[in-house]
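Each of the two complexes below includes chain A, the first together with chain B, the second together with chain C.
== the complex of A and B ==
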């Protein structure tokens, strides 16, 4: 175990901030003890969902010829997802059909990530139990929906590449089949690990200040820099999650392309 | 005199391994971005497409490094 003379322990301090709990620390208020059936990350998820519902049902104005204000902001994202992510990977017909799903995924992940950047809120996406269901939706679309839409033949056409001599197929087909699971797992781990690692790095830098006092003040500049980088990563990870989901689903739906 | 325990040594090895994974990811991302910059410089009108592919590649490489970092954290904190 650690044998330090200093009473402050950096490891437990970081873990306490990053891990899920049933307590919510707010400034100038007593600690909010959450009930047994919901944890802090659960509260964040519900909060994010409420924000999205209010944004898209309350503030989003349909049928504006020239979108203004919040409608303009949201519409830029929606159009970006439709034109840059879904239609290139899923084709014109499926792409338009799937745009609402990918928009939901994108805004949900983005909302959860951004909530984590606000001080005193928690990042729900840094919990692997949150990212697994998100990745599992992609897995469901990759397997069950492909079977339903394309049939067993279409499913095997996605797994078995055409124009390959049969001895190599013995090697490739199990790999492709395993690949479906590997893709899901990496999708899950990437979002989880990125959000967790960003927070741990920032907390490590802030912990230096507690450990070394005034001498570690330059670490504060680094922490601010990492916070700014984190805001970039928040958008990038939401984008990449949706992009890779579209890519994987597109590979199963249209194996010829 | 303080004796060197095996757990201290493990921490050292974890730190070295994490640094090595960061080196690998740095080389990988550097090459991807360099290639993307070359492509964009040659054909500026294809910027969007090149950026999309670049982000996919970057995500795949970066995911590996981040997974190494998380595993290192778990190994250190778990004791």
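== the complex of A and C ==
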């Protein structure tokens, strides 16, 4: 009904904000038209990478005996990823070796998620074309790297659980093999859906204010609440993505554990 | 009134569900460049720092434990030395007390002896003086008696006879 009486359309309003585009709307400035080869989400990815490089190469103080400030914060994150994620799932040797990769993955996803929380910026992780390549890296490590490191025998040992009677193996082995793909897809969809859904909820609430004016002002409180919840989800999703990646890779590398 | 872009306008941009190879490649390239840079310049040094600090803390704790054990040893040694010193001190005090007592006893004996000797000498001297005095007294009293008797009896008496009588009388005193 509102479509006929009100010039504002909620559906396209939300889609405009969550979809990727080649335009960047900034306040008091003309619309920035991005070239064909790069979209707004692409800009966010490069921007996030630059922020991370500046943060780690510019603000991190090497050789501090007692770390303080940002150095302390970054070290706490790295230590957490090393001690709570990589080493428990991948073992001491592989865990330490893979820590830089998982740290990069964590900070990259966290940076992209957090950029999305800032008004005027876009959430690149709510784009399946961003979450897919990230999940594919995990898939690559689960399959090709396992084959390289453990060989075909090691790869099959990860798929074929030990101590299971052979009739059940007929059922389990294809499922396990399929599971590798399913795990990758869930990894990809979980991050994408969470980041997209959070924004859609907030935009719905803000759209209500535009639609109904001051009558919908309580929705603003809800929108603020959801924004705070989003900040939690941003950290949680980055953590979950990295945690599950480590878990899946660990299951392939060390199936006995 | 502000106008909002229509759905047709937004659909012209790259979709979030439609595959976009360029975006996928961009994500990979950015991620791997970032991984390369951060691994080389950030995470490896950070992890080395962490390991170094962990080792330092581990060593410091170990050293603290060692120091505690050493301290306990030192405390034990100190107690031993103190006990020995105390025993030696008591022994020294006891010995000196004994020496002092012996010395005092010695001195006392010697002084007694000296005093006795001195008293003896004094006695002897007194006796000598007494004898001298008695002798002198005897002579003088004899003479005085003679003189007195002479004066009393005057001329009727023989001088030699009288003297003899007086001397005999004195001897009988």
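Throughout what follows, the second predicted complex is superposed on the first by the 253 of 257 C-alpha atoms of A that agree within 3 Å, B and C clash if a C-alpha of one lies under 4 Å from a C-alpha of the other, contacts with A are read in each partner's own complex, and residues count from 1 in each chain.
By definition in this document, a contact is a pair of C-beta atoms (placed from the backbone, for glycine too) under 8 Å apart; a residue touches a chain by one contact, two chains touch by 3 or more.
Note that the structure is predicted; figures quoted are calculated from it, not measured.
Novice: Please indicate which partner A:84 is in contact with in the superposed arrangement: first for chain B, second for chain C, both, or neither.
Specialist: first
Novice: Check the residue A:171 against both partner chains and state whether it touches chain B (first), chain C (second), both, or neither.
Specialist: A:171: touches no partner chain.
Novice: Which partner does A:186 contact after superposing on A: first (chain B), second (chain C), both, neither?
Specialist: After superposition on chain A, A:186 lies in contact with chain B alone.
Novice: Is A:100 in contact with chain B, with chain C, with both, or with neither (first, second, both, neither)?
Specialist: A:100: touches chain C, not chain B.
Novice: Look at A:147 in the shared chain and tell me whether it touches chain B only, chain C only, both, or neither; answer first, second, both or neither.
Specialist: In the superposed model, A:147 contacts neither chain B nor chain C.
Novice: Report the partner of chain A that touches more of its residues: chain B or chain C.
Specialist: C
Novice: Going by the contact rule set out at the top, does A:130 touch chain B (first), chain C (second), both, or neither?
Specialist: A:130 sits against chain C, while chain B stays out of touch.
Novice: For A:15, using the defined touch cut-off, is the partner it touches chain B, chain C, both, or neither? Pick first, second, both or neither.
Specialist: both
Novice: Taking the superposition on A as described, I'd like to know which of chain B and chain C A:194 touches: first, second, both or neither.
Specialist: Only chain B is touched by A:194; chain C is not.
Novice: When the two structures are overlaid on chain A, which partner does A:243 contact: first (chain B), second (chain C), both, or neither?
Specialist: It touches chain B, and chain C stays clear.
Novice: Which residues would you name on chain A as touching chain B in one complex and chain C in the other?
Specialist: 11, 15, 192, 196.
Novice: Could you list, by residue number, the parts of chain A that touch chain C in their complex?
Specialist: For this pair, the touching residues of chain A are 7-9, 11-13, 15-16, 18-23, 37-42, 45-46, 49, 52-53, 56-57, 60, 62-65, 67, 74-75, 78-79, 82, 96, 99-101, 103-105, 107-108, 126-130, 132-134, 137, 192, 196.
Novice: Which positions of chain A touch chain B when the two form their complex?
Specialist: Counting only chain A, the residues touching chain B are 1, 3, 11, 14-15, 84, 88, 186, 189-190, 192-194, 196-197, 200, 236, 239-240, 243-244, 247.
Novice: Please output the residues of chain B touching chain A within their complex, sorted ascending.
Specialist: Those in contact with chain A are residues 2, 7, 48, 52, 55-56, 59-60, 62-63, 66-67, 69-70, 73, 76-77, 79.
Novice: What does chain C use to touch chain A in their complex?
Specialist: 1, 3-7, 9-17, 19-20, 22-28, 30-31, 33-35, 37-39, 41-47, 49-50, 53
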